[in-house]
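We call the chains A, B, C and D, going by the order they appear; numbering starts again at 1 in every chain.
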Amino acid sequence: MDRNDRLAAWERRADPYLLAASLLFLLAYAVRVLEPGMSPAVRACWAAVTALTWACFIAEYLTRLALSPDRRRFVRTRWLDLLVVVLPLLRPLRLVETHDRQRLRHRRPRLVLEARVMAYAGLSALLLGFAAALAVLHEERSAPGSGIHDLGDAVWWAVAALTTTGYGDATPVTARGRTVGAGLMFVGVALVGAVVGAFSSWLVRRFRQEGEE
Amino acid sequence: MDRNDRLAAWERRADPYLLAASLLFLLAYAVRVLEPGMSPAVRACWAAVTALTWACFIAEYLTRLALSPDRRRFVRTRWLDLLVVVLPLLRPLRLVETHDRQRLRHRRPRLVLEARVMAYAGLSALLLGFAAALAVLHEERSAPGSGIHDLGDAVWWAVAALTTTGYGDATPVTARGRTVGAGLMFVGVALVGAVVGAFSSWLVRRFRQEGEE
Amino acid sequence: MDRNDRLAAWERRADPYLLAASLLFLLAYAVRVLEPGMSPAVRACWAAVTALTWACFIAEYLTRLALSPDRRRFVRTRWLDLLVVVLPLLRPLRLVETHDRQRLRHRRPRLVLEARVMAYAGLSALLLGFAAALAVLHEERSAPGSGIHDLGDAVWWAVAALTTTGYGDATPVTARGRTVGAGLMFVGVALVGAVVGAFSSWLVRRFRQEGEE
Amino acid sequence: MDRNDRLAAWERRADPYLLAASLLFLLAYAVRVLEPGMSPAVRACWAAVTALTWACFIAEYLTRLALSPDRRRFVRTRWLDLLVVVLPLLRPLRLVETHDRQRLRHRRPRLVLEARVMAYAGLSALLLGFAAALAVLHEERSAPGSGIHDLGDAVWWAVAALTTTGYGDATPVTARGRTVGAGLMFVGVALVGAVVGAFSSWLVRRFRQEGEE
C-alpha cells in the first residue's frame, strides 16, 4: 500500500469525525455569539470546545500533510484545505469533497445531476450564510450606527446578501463586519448562481423530455 | 387497471377542480387581507371559503395517498405536494406538474421549449410574488417602523425582491414578514433565473438560426 | 406575388422610416419631459410631433394588418407589434426584428454570434432604460417624498434598476412611477441577463480556442 | 519578416513593461487619492509618475499603430486598446489579451478552462473595482450628502456594486461619481456573471465526472 492509498484511506476514515467537529465548532461559535451574558465557567467550557475542535482540524491537516507523498504539491493544490484550517467558519466550502468521498464509500442511489449540484451548492450557501450572520452579529451588535442587533437582523441581512438583493435596512458598518460581508457576497453570488443555473437546466431538461414523449 | 393507473386517472380528473380551488383560496386570502374592515358576517363567509378550499386540498392529498401503491414512497418523493397542502399559498410551485398532465390530455400545439419554460417559471414567480405581497402586507401593515402600508407598497416590494433589485424603501421589519421575504427571495432568484436563462438561450438560438439561413 | 410576399416587401421598405419615427418620438418625449417651462407655441409644436409619429405607427400597423393574409393570426402571433403601437416607448423591444430584416437586405459582414446578441440586447436595454428614466422623471419630479428630481437622478436610478443593483437613494414613490419601474426591472433583468450570458459564453469560447491552438 | 509578425513580436516584448507601467499608474493614482495632505514636492513627484506612465501608454499605442499593416483596421478592430489609452484606469480590461500572448510565449501547464475564465474575469473585476473605488472616493470624499468618506466606505461600495447587491448606505451623489458607478455596475455585472457562469459549469462538470466513474 503506497502513500497515496494511505492518504485516501485516512481521509475516508476521518471524514465523519471532521464533519461532527465542524458542526460542534459552529455550535460553540453560535452559543458564544448568541449568549453574551454567560457565566465565566460556562464561557470557558465553550471556549474549550472551540479550541479543541480547532486543534482537531490542525492535527488532521498535519496528519494528511505527513501522509502525502509530495508535500509541496499537497500544500499548493489543496490550498482550500489550508484555508478552512485557518478560518474554520469557511468549512462548508469543503462539503463537496467530503460528499465525493462519502459517496464512493456508500454507493447509495444517486440523485439526478442537477439535484446534487443544487443540494451541495445550496447547503454550502446556507451554512456559510449562517456562519457569516453569526460573525457579523458578533462584530456589529454594539457598534454605533449599526442596524444589526439580534440574530433575526443578522440572518435577514445574510439572506439579502446571499441572493444579492441587498436591502439597506441592516448593513454592517464596522471594518471587520464589512470584510465578512464582502466575503459572503462574493461566495454567495457564486454558490447561489450555481444553484440557479442547476435549477434552470433541470427545468429545461424536464420540459424537453416532456416534449419528446 | 392497477393502482398506478388509477392514481394517474384521478390526478387528471382532479386537476381542473384543484386549480379552481387554488384561485379561490388566493382570492379569499386577498379579500381578507385587503378589506380589514369587513362586517363579521362577510368575514365569516370568506373564512368559510378558506377553510373549505383548504379542506379540499387535504382531502385530495389523502385520496392520492390512499390510491398510491407505495405510500411511503409517495410521501417521500412527492414532498412538494405535502408542502403545498400545509402552506397553500405556495401552490403556484405545482403549476409545472399540473401543466404536464393537462398537456398530455389535450395535445394542443406546443410552444417552443424556451417559451414554455418562460411561461411557467414566470407565471409561478408572479403568482408567488402576489401571494407573498399579500402575506407581507398582512404582517407589516400595522407594524411600527414598517414601510409597507398598502397593496401598492407590498407589490412594489415583491417585484424588487423577485428581481433581486432590493430597494430599501419598503422592507419587512417583523419576524414573520421577513420569513416570507426570505422565502420569496430564494424562490424568486431561482424562478426568475430560469426565465432569464430561457430568454437568453431563445435569443441566442434566434440569432444563430438567422446566421445559418 | 402573393400577400405574404407583399407584407414582407412592405416591411422591408417601411423599416428605415419607422426607425426614424421611433427616434423622433423618443426625442419629442425627452424634450417635453426635460423642458417643462417651454412656451405654449413650442410645446404645441412638440405635441404635434408626438401625435404625428404616433399616427404613423398606427397607420403602419393597420397597413400591415390589411396586407396580411390571415388577420386573426397576425394579431395573435405578432402581439409585440400591437403592444409597441399602444406604448411607443417600448419600441426598442422590436429592434431585433428590424435588424433581422435589415440584415437580409444588406448582407453585410456579420459579427460573431455573441457580439450580435450583446449588441442587440444591450442596445434595447439602454434605449428602454433611457425611456423609463424619462417616464419616471415625468411622474416623480414633483411628487412629495420622491428622490428623483432631475435627469441625472433618473438615469442613475434606471442604471441601478437595469443591473438589479437597486440602491435605495432614488426610487419612485408614485403608483405610475413604480409601474414603469417594475416594467423596467422585469425587462431589464431579462435583457441584461442575455448580455451577460452572451459575454460569458464568448469569453469561454475565446479561452477554449486558445487552449486548442 | 512582414509587418504583422513585427507587430506581434513588439507586443510580446512590450507586455511585461506595460503591465508594470499599469500597476505603477494605479499605485500613483491610489497614493494621490489616499494621501490628500502630501507636501507639494511629493505630490509633484507622484504626478510625474502618472504623466510618465501615461506617456508610455500613448507611445506604445502609437508604435503599434505605426507597425500595423492596415492602420484604419487596427483602430477600428482594436478600439479597446484606444479606450484604455484614454482612460488608463480601465487597463484591467486588457488582461485577457495580455495573458493570451504571455501564455503563447511560456507554454506553461494550463489550468482547466473554467479556472482560467474565473481567474481572468475575477482578477479584472477586482482591479477595476479597486480603481473605481479610488475614483469614487476622489469625487465623493468632500461632496455634501455623500456616504463615502474613506477607502473602507469606497471599497465596500465597490463590492456591493460589483455583485449587484447595492446597499443604499454608501452611494455616489455627484455626477462624476455616479458615472464611474454606472460604468462599474455594467462592467461588473458582465465580469462577475462570467465568473459565476464558469464556477457553475465547473461544479456541474465535477459532479458529472463523479457520476460517470
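Simple rule for what comes next: a residue touches a chain if its C-beta (ideal position, glycine included) is under 8 Å from a C-beta of that chain, and two chains touch if they have at least 3 such contacts.
Everything quoted here is computed from the prediction, not taken from an experiment.
Ranking all chains by how far their C-alpha centres lie from the centre of chain C, first place goes to A.
Residue-number overlap of contact pairs with B-C passes half for only one option from B-D, A-C or A-B: A-B. If you lay the C-alpha trace of chain C over that of chain D, the rotation comes to 90 degrees, to the nearest 5.
One finds 31 Å separating the Cα centroids of chain A and chain D.
One inter-chain figure worth recording: chain B and chain D are separated by 44 Å, centre to centre, where each centre is the mean of the chain's CA atoms. Shared interface positions of chain A, i.e. residues touching 2 or more other chains, are given as 160, 164-168, 197, 201. Residues of chain B touching chain A in their complex: 96, 100, 103, 110, 113-114, 116-117, 120-121, 160-161, 164-168, 171, 173, 175, 178, 181-182, 185-186, 188-190, 193-194, 197-198, 201.
Residues of chain A touching chain C in their complex: 164-168. Of all the residues in chain A, the ones that touch chain B in their complex are 152, 155-156, 159-160, 163-169, 192, 195-197, 199-201, 203-204, 206-208, 210-211.
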